[in-house]
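Inspection log for the structure reproduced underneath, given as structure tokens.
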Amino acid sequence: MTLTVRDGLRQEVLAANLAIPQVGLATLTWGNVSGVDRAAGVFVIKPSGVPYDDLSLDSLVTVRLADGAVVDGDLRPSTDTETHRCLYLAFPSIGGVTHTHSTHAVAFAQARRDIPVLGTTHADTFNGPIPCTPDLTAEQCAADYEYNTGRVIVDLLKSDDRKAAEVPAALVANHGPFTWGASARKSLEHAIICEAVADIAIHTLALIPTAPPPRHLLERHYTRKHGPDAYYGNPEVTAPAPSRSW
Amino acid sequence: MTLTVRDGLRQEVLAANLAIPQVGLATLTWGNVSGVDRAAGVFVIKPSGVPYDDLSLDSLVTVRLADGAVVDGDLRPSTDTETHRCLYLAFPSIGGVTHTHSTHAVAFAQARRDIPVLGTTHADTFNGPIPCTPDLTAEQCAADYEYNTGRVIVDLLKSDDRKAAEVPAALVANHGPFTWGASARKSLEHAIICEAVADIAIHTLALIPTAPPPRHLLERHYTRKHGPDAYYGNPEVTAPAPSRSW
Amino acid sequence: MTLTVRDGLRQEVLAANLAIPQVGLATLTWGNVSGVDRAAGVFVIKPSGVPYDDLSLDSLVTVRLADGAVVDGDLRPSTDTETHRCLYLAFPSIGGVTHTHSTHAVAFAQARRDIPVLGTTHADTFNGPIPCTPDLTAEQCAADYEYNTGRVIVDLLKSDDRKAAEVPAALVANHGPFTWGASARKSLEHAIICEAVADIAIHTLALIPTAPPPRHLLERHYTRKHGPDAYYGNPEVTAPAPSRSW
Amino acid sequence: MTLTVRDGLRQEVLAANLAIPQVGLATLTWGNVSGVDRAAGVFVIKPSGVPYDDLSLDSLVTVRLADGAVVDGDLRPSTDTETHRCLYLAFPSIGGVTHTHSTHAVAFAQARRDIPVLGTTHADTFNGPIPCTPDLTAEQCAADYEYNTGRVIVDLLKSDDRKAAEVPAALVANHGPFTWGASARKSLEHAIICEAVADIAIHTLALIPTAPPPRHLLERHYTRKHGPDAYYGNPEVTAPAPSRSW
């Protein structure tokens, strides 16, 4: 059975998955990216446990948003597929989701700490701390575990789509980061930034800062990149074709 | 004298040894991988002190399981050969052994601390802490030192083959990690993961987590990858030929 | 409208910007370098938000020193352009400016700590600590934010051009490092060294040194590389053409 | 004026200098290696301040052991030349010297701490802690500074050539590591290992080990690689030609 998704989606999802090891976000087969086609009611995701070197357009798996059924592809989708699906259903503005086990973001998840806003590198992308969920309960682990992994994120954000757009990342306690964005590529970019700010934050905390940054500085940085008054970037050149190298 | 081992074993052992510096697990000539042919009663291992750039199929050494005699190859085998042999003899399910001096795993070994289970990255592969042995005694160092290095691991695991399969790694106190698996390739994969979880654990401990992860979460992750109810991966694509790049 | 700048300036600015990701100083599009032509009253700078892979001579932007107007180039200049302009206006000896979000320098900026002089690696280049500015006030953030980011550096150095030449770097609180030098290439070199000494300093502070280094050692190192008695280097070979790889 | 040194020496010194940035031991032009020809009474060293990319056999400088005079080469030798010369004069068994500013070894030097023997990775090469010198006095900095930098190392080792052979590395307080060995290549290898053990030691100390390793283990590791009972390596294959890649 074959199903047509919008032009470029499969190429973008493939490129984003291939970029994960290139940018140093994952060991072995850890980490996966998906992208959604809301009109077709499906999303495209990495197959489970396949080495990045073996990925091709043909090995990607297409999954139905409504019930998680595989509608295209010969392989089993990522075990984290239900987490992606839960996030897509809860947050209508999301076009892509990335999950990695990147070192410093996982360290915060394992310490069950939010990544605090310690400077403009963080505030340029995330309008607040990257929050860490509470533990999943034994019941949440026993049945529909992967869907419930998305559920604790959705609950943490109180199902607020605007909040999800302003802080497009969360840490699942004792597990690791999930990030999202308007596209698969954007969700990957947020995963890269989440890891970078976690890395800097660990070094910062070791140097014992005495007080949080002033709120007006952080707001300035967020608003110069986001919203109606944004003036960062050259829009026509910052959206390269999905197949190019990152 | 030439001896035939099962098809692909020498290629797999060569590829796994060549991968050690590529994945950043060893400096200079440190680190070695072996693979066993139980039917032939021998294992194939890296020669001692040879730079990775000079390794070839011809330089590998074949050693008899029963007594450690070299039965094929012109070079002296790794000084750690007797440690590998001890592990093969104690644990019948092992098909390959890897030893490295990877930075973060050695730090735990030098601090004589187990690598604790701090999250799902660890639990996906290791069903419990990666244990650190007690010190070798002066007697254990004086004679059969390398065999005794295997012995302290075997004693730590109480010669339990199932335990060895569930936690395929140990740290020798003040020395470093030994890992094993169903094949040479798998033992290398466990060495990569052992180093990755040690790296994340050091960062996590610096962030001072307040409590261990819930047991139900860790069990869920281990069992979704291992045992009768495993549902991670696509078996037909996750066992690539040994000669391909990792 | 086209404007001619002195020979080699555009090539040097392009090469220095392309070097930023190569030397590991920036993630994604973070970081920018500019170079000035005092005679023409302009400086050349990276366009805003453009990936390093897409940079070319044609995408660089030329900005007027006097008022910040774009006088050549089709793209919007870096959002940090006004900070560069402020530094050029305050310090006549500066020929180039670099801004990055390099990990360890940003950690010091986020901890609002000067990078202390802990050894000769630092003293070889910087004749004193790399200072961290105070917080920008709400007023400084509300209007002319980027120009004021340069202003807090200029105020910190009391507009002293000689001081700027002796310590060609500063950290903006909760933001990151700005470095400068006699040329674009030199400002980049100082960014590389600023990050290296920040990295070493964090490890040093973790080892708890008990006292500062002796002043006579530090002075010796600074003066053997700088000033009338300098004897480090072979001048004829240490100024390679700007287009070569770093 | 041209002077003939023993076959292969210049090639070995060039290869060892080129390896410094490749193995990640130095930033920019920091770091230098030399090799000695005792029969000719000279040593060959890197020129001062020349980027590694520009090094060639022709740019190397030959210096007379007796008085430090340049006897061959058009460029000025490394500023650290007198330190190398001091070490060659004090320790007759030395064939090569390496100096770097590698991150973790410099951190120990800046903290003025010896790198302690925390495990077998260290004991495999160094038969004791890598010692850190006291501060140079103001007098030692004022005149013959670089020669005195060698002097504090020689004094620390009490001019003991056997001690220098057993622990072929020292840290100059607030400066960085100097290493040496039977050849230029061996001195570089010791610089690589010095940095690796410093890196592991910093992580180990952060994990708070409770007691030093047992002496019998460390002795066993040192003696299996060094001295009359050494059984590590395959001598015929561990001394590759100096011009090959490391």
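We just call them A, B, C and D in the order they show up, numbering each chain from 1.
Simple rule for what comes next: contacts are C-beta pairs under 8 Å (C-beta built on N, C-alpha and C of every residue); 3 or more make two chains touch, one makes a residue touch a chain.
Everything numeric here is computed off the predicted structure, so don't read it as measured data.
Which chain has its C-alpha centroid at the greatest distance from the C-alpha centroid of chain D?
When every chain centre is compared against chain D, the largest gap points to A.
If more than half of the interface residue numbers appear on both sides, call it same; otherwise different. Which is it for chain A and chain C?
different
Just how much do you need to spin chain C so its Cα atoms sit on those of chain D, in degrees to the nearest 5?
90
Please work out the Cα centroid separation of chain A and chain C, and write it as a whole number of Å.
Whole-Å distance between the two chain centres: 33.
Which whole number of Å gives the spacing of the CA centres of chain B and chain C?
Chain centroid spacing, chain B to chain C, equals 46 Å.
Touching two or more other chains, which residues of chain A qualify?
Residues 206 of chain A each touch two or more of the other chains.
In graph terms, with chains as vertices and touches as edges, which category applies: line, ring, star, complete, or other?
Graph shape here is a ring: one loop, exactly two partners per chain.
For this entry, which pairs of chains touch?
The list of touching pairs comes to A-B, A-C, B-D, C-D.
Quick one: which bits of chain C touch chain A in the complex? Just the residue numbers, please.
Answer in residue numbers: 27-30, 47-51, 53-54, 59, 75-76, 79, 101, 103-104, 106-113, 135-138, 141-142, 145, 173-176, 202, 205-206.
Would you pull the chain B residues touching chain A in the complex into a rising list?
Per the stated touch rule, the residues are 118-121, 189, 192-193, 196, 199-201, 203-204, 206-211, 213-214, 216-220, 224, 231-234, 237-238, 240, 244-245.
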